[in-house]
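Order of writing sets the labels: A, B, C and D. Residues in every chain begin at 1.
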């Protein structure tokens, strides 16, 4: 016990990492479910339905399937690289998430902030550093498979990632100019107040609405994560499955998870940079907003209860009862005055992130895929100039007499 | 042995190992990977030296851009394993000893250099907190503004050069 | 907690530099040779940072910054050249194209 | 005073003409080339006229007028400026050169009309004018020497103008090499002069000369050496014994060239030089004697050869040699003015003779042998009359230009300060021969029955572009000498008076007195001899020179008009002498045997095979092969193998590191 008190940093960090890993893994799993559901409904289907109520156990089943499938390694492949590539991808993706603050640093245990694994002074830079390495996973996988389509996929993705990383970074620099810091917590703190203080529309001394920057960021981000409409590296119609054609079983799962982890990361980043992170959209004076999480959960539980008794039959009814219980209990906990301030930040943060994820899925469900040359020319000839222009305009306004930081 | 020492020796070991691998391995991709490893460890060392910004830049630019470019080119050219030609009659018998000699000379010299010695003796030991990124950027954009602009022009020229070189001649 | 003496870093950088030299001399694949050069640059950067730290000044870091930038430019051009060269000579082995003579 | 301040214009004009024609004119129409060539030379002639006008107003103390343009060579104490100089002598030469050149240019436009390499011809001609002017205007020996060599070059180029003709090429080479012998001596003389006087500017040289005491024998010896060396140069250039052999062969060149270069201007350069150097010569009596002897001998000797030549141009060539001999004789006996005077008149009438001969050849369609001519005076009257006038002039018939100048020379030889009866006799007989062979030429060419068939050649008078210069020169051949006319009637000789400052300025005191005395003597010393101008005039006109000239004329008439069979008789009666003279004393053959053959032998076996191939080539090839060997070794450094290069770089780095270490260690 005194070991904990002696080495708070170590212990708390380890705990945080463990928890984060668990949470993120679960999130990834259910993100797949979420995506399939949403896309299905966009395409007016039901999506996963039978494995568990509303297919809620589908991710579990998938995970088991991946685990028990045969792990094939092409004989001509470059074993070492072939093996490390997926690990690299997933590890980097998770590392990035470790930098994200999910809640206010004020919430502390043993003098250590709870909601952020590592609060680096130049967190943003490090985030970029880590994400910039994400290319290797794809590229190496494509190369080491020693087969046509993967190689092409790898080439495409590395080219694409390099190209769009530039715009991604530049579009963010606008926010950095406004914020004047690289630390996430400070960036978020500056946006405190209400939603009109968020960087995306914030327009007061030393700030300029980053709406353009946000659009550029989202576009580049989708490209960075190789998502439709920029999923050239794994365009199944052209390259079978792109860089991970040769991968099977859990290695494939790793790439899969890495992709979704990256989605989450960029969504979190968007949330932090443009949408005030874990801040609530309402002025602090509106105290009733503290009840929102609990109330929301309770309402969800009540809907589940109604659904359980009206529609569910057999085992499904049992499972869904469990879900109902969880929701109601969670809601009750969240309504406790002690918990309310703690839960607030994560609540808003999660909400925003989920919104972004929905946006992701939405685009996937609606937009067709680019052609490769279109992709490149779009990235270099449109996105880059626009984000540069945004940067220039912002910096120009920064030094204007009235609007400027010293105005 | 304190944490920095352990960290340092770990990184140094990794770095040297990576460098040796870079030489030993015959697959260009593997060389690239080992070089990336070296860069990573160097980034950590920079952190250890309190140069966070440089560390980040090291990773972003070197590992994240330049080496990606290398890998990309290797994949593009589908570079196979290096062939064991030894047509240069002096490279092996002379070059390697010379290089190692150079290594020794510089290492010896640097280890003997006044600055290293002073720090080793704890004299003039640097403050432990790292260099603030703000100060660095100030220096970059005020004291070194002209070189900065010059490098930007250099980059532009390099960009054009690369474009013209790699252009498909139609 | 004691800090690592600067001379350690310097020696490490010297070693890396030497290994980079070895790579340049010893390797035949032009790309790998290129990597050797990058390695040397990195070694120098390390020395720069170490010195900057030792003197408690920023100039070394600025130099590192410039070195990195220049390295980027050099890599861009150099690799473009490599591509052209390989397209024309069908080989990455520097010993195969002995063009560098009168 | 524009021209005086810009003397270079006179030079620049012909040079510009040469440059334009030579560099651009290859495909230009003849008219354009004519305009440029003739225009440039005529313009410089006009410039000279303007120069004379300005020179007339120049105060005497500013003569000679020298302009330094730029320092040309500066090596230690040796300093040469590119500087030009104007004095009376220069004026005379300039006038002659530019005027005759202009006329010859005009003449050439007609004469060369049907030749190839038209632009080339005029380029060379303009270039020649440029160099000749440089020679004349040079204010120091070096500039003069440049002109000297330049005219030699142009003469070589123009003699060999028809470079497809083997004989022409050979002649060109012969001229070049022969004159080179003289130039060698001239160069040595220049060096000696610099060593002696410490400067090559005429002014400085003459000043130091005049300050030298003639009594110190060393100086006398040096001066004599310098003077003789210079004179050898003059011998080469002016075709005197023994180096005259190139001039007759030079007739291979186009006739206008013969007229301009080998009669009027270039060959007289030697005379000009001797006259220019008069202060030296006046102080070197031995040299003076040499000059006089060589001149007289040449005058006589060349005349004898001229007697039997059948080629019309050859005759003129030998007569040129002989006339040059007269000029040197004049200079040699101290009558520089007379020599220069004869130079001028000779330029007129000999130029005219050549041009007229050219016209004859033109009319005969290239025929040069007088034995195939005859009776031409009806067909080509203008040529006939002008040539007759020139002949009368050269023969020294009273009233014509040649009479005055030749008479002065002989007069000086007979009664001058350096009088020498033997030389005078030689000159006198030479004069007789001269008139003989000249009239022989006239009679053979224009009189008697026509010895050619009309079906091959149809004789025709030359175009006006050729006849006009003839007429102009004819006028000058008559009146050109009259500037000295009043001298006959006891008046002052304007020409001599005009040149007097040049020759009196640095004249040795003792000699100076005599000179002025002789001046008076030749002019006014008639005091005791002749009481009345009429008698004086009668004396002059019935002087021995005139008498021998008339005798020559009469003999020629007897031989070739009255009794054409006489020559054959003579020939049969004394074959030895005839062959001797007819074959020009076999001088060419002798020279071949004496000099050329051994020289060829030496150059072939010693210089070529032994020295050049053996030693020099050996050295060169040896060094080359050693270099190649080392290169072969060093080449391996440049294997083109990047790894090797990298190794070398590393080697350098190591060296540098070690050095640095050593330095730091030292500094520690």
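Here is the rule we use: a contact is a pair of C-beta atoms (placed from the backbone, for glycine too) under 8 Å apart; a residue touches a chain by one contact, two chains touch by 3 or more.
Everything numeric here is computed off the predicted structure, so don't read it as measured data.
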By Cα-centroid distance to the whole-protein Cα centroid, the innermost chain is C
So, in whole Å, the Cα centroid of subunit A is separated from that of subunit C by 36
Between the Cα centroids of subunit B and subunit C the separation in whole angstrom comes to 6
Expressed in whole Å, how far the mean CA point of subunit A lies from that of subunit D is 106
Per the C-alpha centroid definition, the whole-Å distance linking subunit B and subunit D comes out as 83
Residues of subunit C that touch two or more other chains sit at 21, 25-26, 28, 95
In subunit D, the residues touching two or more other chains are 639, 641, 643, 646-647, 650, 653
Subunit B touches at least 2 other chains through residues 53, 57, 65, 69, 74, 76, 87-88, 91, 95, 98-99, 102, 106, 109
So the touching chain pairs work out to A-B, B-C, B-D, C-D
Counting only contacts in the complex, subunit B reaches subunit C at residues 2-5, 8, 12, 15-16, 19-20, 22-23, 28, 31-32, 35, 38-39, 42, 45-46, 48-51, 53-54, 57-58, 61-62, 65-66, 69-70, 73-74, 76-77, 79, 82-88, 91-92, 95-96, 98-100, 102-104, 106-107, 109-111, 113, 115-120, 122, 124-128, 131, 135-136, 139-140, 143-144, 147, 151, 154-155, 157-159, 161-163, 165-166
In their shared complex, subunit B is touched by residues of subunit A numbered 78, 80-81, 120-122, 125-126, 128-130, 132-133, 135-136, 139-140, 142-144, 151, 154-155, 158-159, 161-162, 165, 182
Note: in the complex, subunit D contacts subunit B through residues 639, 641, 643-644, 646-647, 650-651, 653-654, 657-658, 660-661, 664
Residue positions on subunit C within touch of subunit D in the complex are 21, 24-26, 28, 30, 33, 94-95, 98-102
In their shared complex, subunit D is touched by residues of subunit B numbered 87-91, 94-95, 98-99, 101-102, 105-106, 109
